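In this document, chain identifiers A, B, C and D correspond to the written order of the chains, with residue numbering beginning at 1 in each.
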Amino acid sequence: MPQPVCAIVGAGEGLGRSLAAKFAGEGFDIALISRSEKGSSAAAAAAAGANAGANVKFFAADATQPDTIEQALATIVGDMGDVDVLIYNVRGSFTACEPLEMTYADLDGIYRLEVVGAFAAAKSVLPAMRERGRGSVLFSSATAALRGSATHPLYAIGKFGLRALSQSLAKAYSKDGVHIVHVRLDCDLDVPLMRGYHGDSFDPEAAANTDDVAEAYWWAHQQPRSAWSNEIELRPYTELWTC
Amino acid sequence: MPQPVCAIVGAGEGLGRSLAAKFAGEGFDIALISRSEKGSSAAAAAAAGANAGANVKFFAADATQPDTIEQALATIVGDMGDVDVLIYNVRGSFTACEPLEMTYADLDGIYRLEVVGAFAAAKSVLPAMRERGRGSVLFSSATAALRGSATHPLYAIGKFGLRALSQSLAKAYSKDGVHIVHVRLDCDLDVPLMRGYHGDSFDPEAAANTDDVAEAYWWAHQQPRSAWSNEIELRPYTELWTC
Amino acid sequence: MPQPVCAIVGAGEGLGRSLAAKFAGEGFDIALISRSEKGSSAAAAAAAGANAGANVKFFAADATQPDTIEQALATIVGDMGDVDVLIYNVRGSFTACEPLEMTYADLDGIYRLEVVGAFAAAKSVLPAMRERGRGSVLFSSATAALRGSATHPLYAIGKFGLRALSQSLAKAYSKDGVHIVHVRLDCDLDVPLMRGYHGDSFDPEAAANTDDVAEAYWWAHQQPRSAWSNEIELRPYTELWTC
Amino acid sequence: MPQPVCAIVGAGEGLGRSLAAKFAGEGFDIALISRSEKGSSAAAAAAAGANAGANVKFFAADATQPDTIEQALATIVGDMGDVDVLIYNVRGSFTACEPLEMTYADLDGIYRLEVVGAFAAAKSVLPAMRERGRGSVLFSSATAALRGSATHPLYAIGKFGLRALSQSLAKAYSKDGVHIVHVRLDCDLDVPLMRGYHGDSFDPEAAANTDDVAEAYWWAHQQPRSAWSNEIELRPYTELWTC
């Protein structure tokens, strides 16, 4: 009997790894989509470690090239079966700049990564989910989706767009039984990228543990459809949040 | 060995009943607080039915009289032990009126019910929770907390205030390990009150099932503290939401 | 020929003074409502200075006693004529405290000041405005209306409630031609109260000039009804805003 | 002595026409930027009609081609002088579709129109405005900037991105004295495009008059810098708004 399939676009060594392990541990087969198999090796190992019986496979695609996302997900469906849970979890370089320093290439890149790639992934699985009347699509986002930034305008522009996409999909297709969720991290994640970004000022108590965050994705997938959350915020108990 | 205690203020036949059953089923003793024991009898029966070993007790208090809330919770602590989960779940009469029809007594009543009573309940348990470094306080709210209303201004004024209180408590005391949550229902609940209010136009597919909603409260209590939600929205898959 | 009437509840030496001067200078008669005539003397002098022909009068009322507000506005209408512009601009003591230090008297006081008094003032003028198909009601508010606070929870609870009231009135009565506006200051005002509160750390470049703020109230009143703002935010160019 | 310059990108027969007339009437020279001179002829005529002494000129550019926007604005500065007010007011075809019907070309087109073009225009004038310590940049937006849509997802994705850009610019450059504003129309405009879109169901009382909207742009430019609005909402008195 086939196991349900969880496809993770952007399955790196941070949250992607925790998501792969969580869903594998809950009985899912795991499809990992990244640019290079090396980039997903930590996630693959974690999934296998969480459940030796899980079918864990890697598929190459570049989130900024929507055709490659479509092709990867088509291959996954042919190879592993319909996707029950899609998680779009890509991360860019998170470069700081002031708004006037943005280039047109920067603007194009962040949009392809955060919005176009997310749409490519969603459109690859939503028709089948709608037909079956179930399935979850989860987008990893951030508080940057709610406010502009003097120092990280690219990130804000990308995440605003991702939120618009997520809300539009949810409003159009929830009625078909498909659960679409924008997961907003109101904090840094405790991942190598953030540790490198903040250097010595990094405080793990002020960051979210990726295994803890993965619990929220799992819970969102488990929610009964009469009481769905479409936007979920997550922050550590130490966060001095403002909105 | 004592079981953890869940205190529910406003434990009627709708969501209160589902919450009592859920937390009893998860191993909690249940303290039910309502104006009359009769009003909590369905919740008491549901809790006992979910877990015959649960200690389920009723305590009388009037949410619009904060002293009675304080007294009830003091009695609960003395009788059943420290409160691990407090749920403030009162409901008023939800009367429709246009803003200019509100009386000063109406304004006073809704504030006492939604804000002052919620504060009285929270202040009765928060010092002990802070000392122990754990515990959850959950406020039942609604989308009325986000927008005024031409037809239900009292409900909006009360829920705006409740949200301000919930955010203020969360910002002040999360750092001590206490999880404070504003649960926003963006829909009607499938409860007798709403069936009566809407009459023949009531559509159960457009309302949230109370057992499903209770799952979200349970999940909120279970969240690890590095990834907490402080505001949770819930709506049925059929809801045409606007925000 | 009678001049239009602007009634200002809470006409102190800060924003109230600037509002009185602005509307007097634009040809309005000015009704000043405060607890004591002394508290309104700076506003009265400013109004007279801005327009020697303006009829400027003081009326005693306590914003926390809604009956006195109703009586004062009834007296104004009988004495000076229908009110064309009502500005509710009261300020409390803005005491800092953590949420658990709030007393029930504090909670009652802030609600009476920010919500009940605002409603009393609005209901005293709205029926006549609706009948005439014009008029403006402007509520002085703050960013505290959008977010709870670990240090000023009373202010947040009051301003959330005021915003709910303002939105509810706007949604109910805009169609009758009455312009109802929530003016949100996302900053401190450069007024004696704030200078005293902040002491040496007060930076006038980081605060709004009250004459500049009064321009926004005037503009709101002038807006043509096909393009109204119902919520207006104001902040100095130096403000590092977050929402 | 040179007059101040107002540059309008997207100067069609609707709001663009009203903006051109308003700023010309207030003593500005007007630079109109559209794809074709014919598209700006109504705006040019209105500006000339409002002020025979105004210098009104047309400059060709395609908002989806950022280089052409940069070139047009460089030409304007060389020809007419520094830009004091920039208004980005483009409109696309506003095609309805469900989210899964969006093409990658659609996604690219709306982003170029709403975000990349807006950035190209802003970066062409902001350095000089910052140096002089004054100037206004106004973006025409809509309630679609605040919520996704089941029927107009492209519009939402574009306007969310535009709002992120506007907020980011405001947070970075307000301190230099440049006023950056996101003008949100919470309604349809009474323009030919909307009359055509709605057909017989179009109700002019439910739409904003473009001359009235232009007043708000003028007011925003006039605001003193100690009390700026960075986001302005506008709706007709008949609008049943929801947020």
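We take it that a contact is a pair of C-beta atoms (placed from the backbone, for glycine too) under 8 Å apart; a residue touches a chain by one contact, two chains touch by 3 or more.
Values in this document were obtained by computation on a predicted structure and should not be read as measured data.
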{"item": "Most remote chain, CA-based centroid, reference being chain D", "value": "B"}
{"item": "Angular offset of chain B relative to chain C [C-alpha, multiple of 5 degrees]", "value": "180"}
{"item": "Residue-number overlap at the chain A/chain C interface, same or different (half cut)", "value": "same"}
{"item": "For chain B paired with chain C, centre-to-centre distance based on mean C-alpha positions, whole Å", "value": "34"}
{"item": "Separation of mean Cα positions, chain C and chain A [Å, integer]", "value": "46"}
{"item": "Centre-of-Cα separation between chain D and chain A, whole angstrom", "value": "34"}
{"item": "Where chain B touches two or more other chains at once, by residue number", "value": "147, 171"}
{"item": "Touch-based graph of the chains, sorted into line, ring, star, complete or other", "value": "complete"}
{"item": "Contact set on chain D toward chain B in their complex", "value": "146-147, 242-243"}
{"item": "Of chain A, residues touching chain D in the complex", "value": "66, 98-100, 102, 104, 107-108, 111, 115-116, 119-120, 123, 126-127, 147-151, 153, 156-157, 159-161, 163-173"}
{"item": "Touch list for chain C against partner chain D, complex", "value": "171, 174-175, 177, 179, 190, 207-209, 212-213, 215-216, 219, 223-241"}
